[in-house]
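The two complexes that follow have chain A in common; it is paired with chain B in the first and with chain C in the second.
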Partner chain A sequence: MRPSTMFTAGLLLALQAGHGMATEHVVNQKGKSFIQKQLTVKVGDSVKFVNDDPFAHNVFSLSDTKSFDLGSYGQGLGKSILLDKAGTVEVECAVHPDMRMVIEVQK
Partner chain B sequence: MRQNPSPGALHHLALASHLAWLGLLALLLTAAPAAVAAPRASPPDQHWRLPAVPVPRENASTVARVELGKALFFDPRLSGNGTTSCASCHNPSLGWSDGLKKAVGAGGAVLGRATPTILNTAYNTQFMWDGRARSLEDQALGPMKAKDEMNTDFPATLARLRALQGYVSMFNAAYPGEGISEATLAKALAAFERTVTSKDSPFDRWLAGDQGALTVSQWRGFKVFSDPNRGNCSTCHSGPNFTDNGFHNIGIGVQDPPDPGRFNIRKVASMRGAFKTPTLRDIELTAPYFRDGSAASLRDVVDHYARGGDDQSNLSANMKPLTLSEQDKTDLVAFLRALTGKRTKLVAPELPR
Partner chain C sequence: MKWKIWPAILLCMSMQLQVAAQPGDTANRSMGALLPRDGLAAAVFRGGLVFANYCVTCHGMNADGTGRAARLYNPPPANLRASDKNDAYILMMIRMGGQAMGRSEFMPPWGAELTEEQMNDLTVYLRSINPSPRK
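Our next item is the complex of A and B:
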């Protein structure tokens, strides 16, 4: 590995290991399902919902912890939501209500 | 120059003529693609085959439960004024619907939405146009409780049932020890509804290997149906029951007042005017179409989608104007007619007196 690459890799590792470093988690939608049914994240993390299906999904939640509506979008697109409060977020697809998952947001 | 052809020349002429016709016929038979039968179903096509009916553990199917549910389904004495049974609107003679644009309720009032068929609802995970019911059991009492539908007086109805020895015996056989209650009433109705299924349509037989079950036109229609760049139908009307159990706004013409549909249940912007995708099995038996009965024929349905819908104010992202030839549209309608299941004889139940 070149010295500059090693430096960059080292820097990235250091950044990841640091306290309070927010992570972006990715949840894919495929076959009218969320690939993960359950996800645990930290306050300040974000979750990006990526649509891998050849039709539109509309991810939303009406939970008190985090209420959001990502709107309807098609294949290949992704939208993020910032989870800024601890608690349980019940996520559903408005178009296909059998699609459900739960996000646990921890302090 | 000869005036009349000789007998020999006439003979040659006739022979040549026959040969020419035979040649033309041979050319037509061999040159025309798929001229005789539709191609065979492929392994990927098999995802259109219906599995066994899903049955909940809390309400397993038994002969006694189905028979009880059937009697109750056809019994108008369950309604407030004794005139209306489930079968009044979900009429087996009209594809388990009522042939009307919108349902007509107690006192003759026209209601807000069309009567859905109950055919194959056993395979659904969402119930009613806006998905407000969670299961067949959950849905069964709804029309009875509705003042403008069956307007059932439950204490009176349950007392009436308990006073009829025929019903006492049937409930005892179906749900021993559970008594005659709203719960067992709902369970019995659901058990019966799970037997109302559409099977062995020409399409099903073609999937099972009967190559001649579909005409070539119907097979072409199936291809149009499944192609996102042509009919784009299977995007929402997906296998095996021709529904994704999802909610979409397909741009039905503006109504006054507008029907919020699924938005009443899930207050998400895209759900305004969105309604549940119904099955297409037995669809030729349930005209008129759409949740307001605004499409009189299957051709009208196809034309609606070909236009990309009418009311564009909150259209589903899956909707778009389609590129369909006249042949495509004819073939598509032909395919939809291939989804009609084998007709089964329904014996009307004897009701306890």
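Our next item is the complex of A and C:
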């Protein structure tokens, strides 16, 4: 096998291994509440917020670690956010002010 | 007590003082009712509570588009004190959300969350704080 081919193969394997380490966590929303109030993830993981309620949710965060707004989405739909920095992410719902949860993003 | 309750309580107190300072309507007060349910002042009062609970995050306590979440959006949330939209438009915007109205997709549709009375009260409240209203 030529050196350049071996290098490419090695690079692909490394990328695949790196990709395999990231996890997608799922947080369901039901009864105007996040099912988990606390979640611990690793940097590089993503969290998918899935709406199990028959009405729209609008998940957002104003935390310094990760600020985002997923917009409104209805029943059965979900949206993901990549957590690329360590710290605390306080998550809220714009439509339901009492909905709150905390995600700890660890290195 | 949750910290989110405090703005609503402060808003209630200030509005009660405002209403109490208005002349007339002694008949209703003598009957023990703080506000007549069908009156404009009552709708403004209730609409203010709805605003304080659901809208301040983006639009801010002063309804000028400077809520704590405003920094997430470009363009920023609307300054509702300077809106030139009529009541029907405002009500539709509240009910259907920004995306359905060709505006910001980040303005949620409130039709499934708020009652008709709450949405009407909110429209009345927003009209009450707009210094250049259009009917």
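Keep this in mind: the second predicted complex is superposed on the first by the 87 of 107 C-alpha atoms of A that agree within 3 Å, B and C clash if a C-alpha of one lies under 4 Å from a C-alpha of the other, contacts with A are read in each partner's own complex, and residues count from 1 in each chain.
The definition used in the following text is that contacts are C-beta pairs under 8 Å (C-beta built on N, C-alpha and C of every residue); 3 or more make two chains touch, one makes a residue touch a chain.
Remember, it's a predicted structure, so these values are computed and weren't measured experimentally.
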Clash or fit (per the criteria above) of chain B with chain C on chain A: clash
First (chain B), second (chain C), both or neither touched by A:60: both
Touching partner for A:95 - first (chain B), second (chain C), both, neither: both
Chain B versus chain C as contact partner of A:22, first or second or both or neither: neither
Which superposed partner A:71 touches (first chain B, second chain C, both, neither): both
Contact residues of chain A, present in both the chain B and the chain C interface: 55-56, 58, 60, 62, 69, 71-72, 92, 94-98
Interface residues, chain A side, partner chain C - complex: 55-56, 58, 60, 62, 67-69, 71-72, 92, 94-98
Chain B-touching residues of chain A, taken from the complex the two chains share: 32, 54-56, 58, 60, 62, 69, 71-74, 92, 94-98
Chain A-facing residues of chain B, complex: 125-126, 131, 228, 235-236, 244-248, 262, 266-271, 274, 316-318
Footprint of chain A on chain C - complex, ascending: 2, 4, 53-54, 57-58, 68-69, 71-73, 97, 99, 105-106, 108-110, 112-113
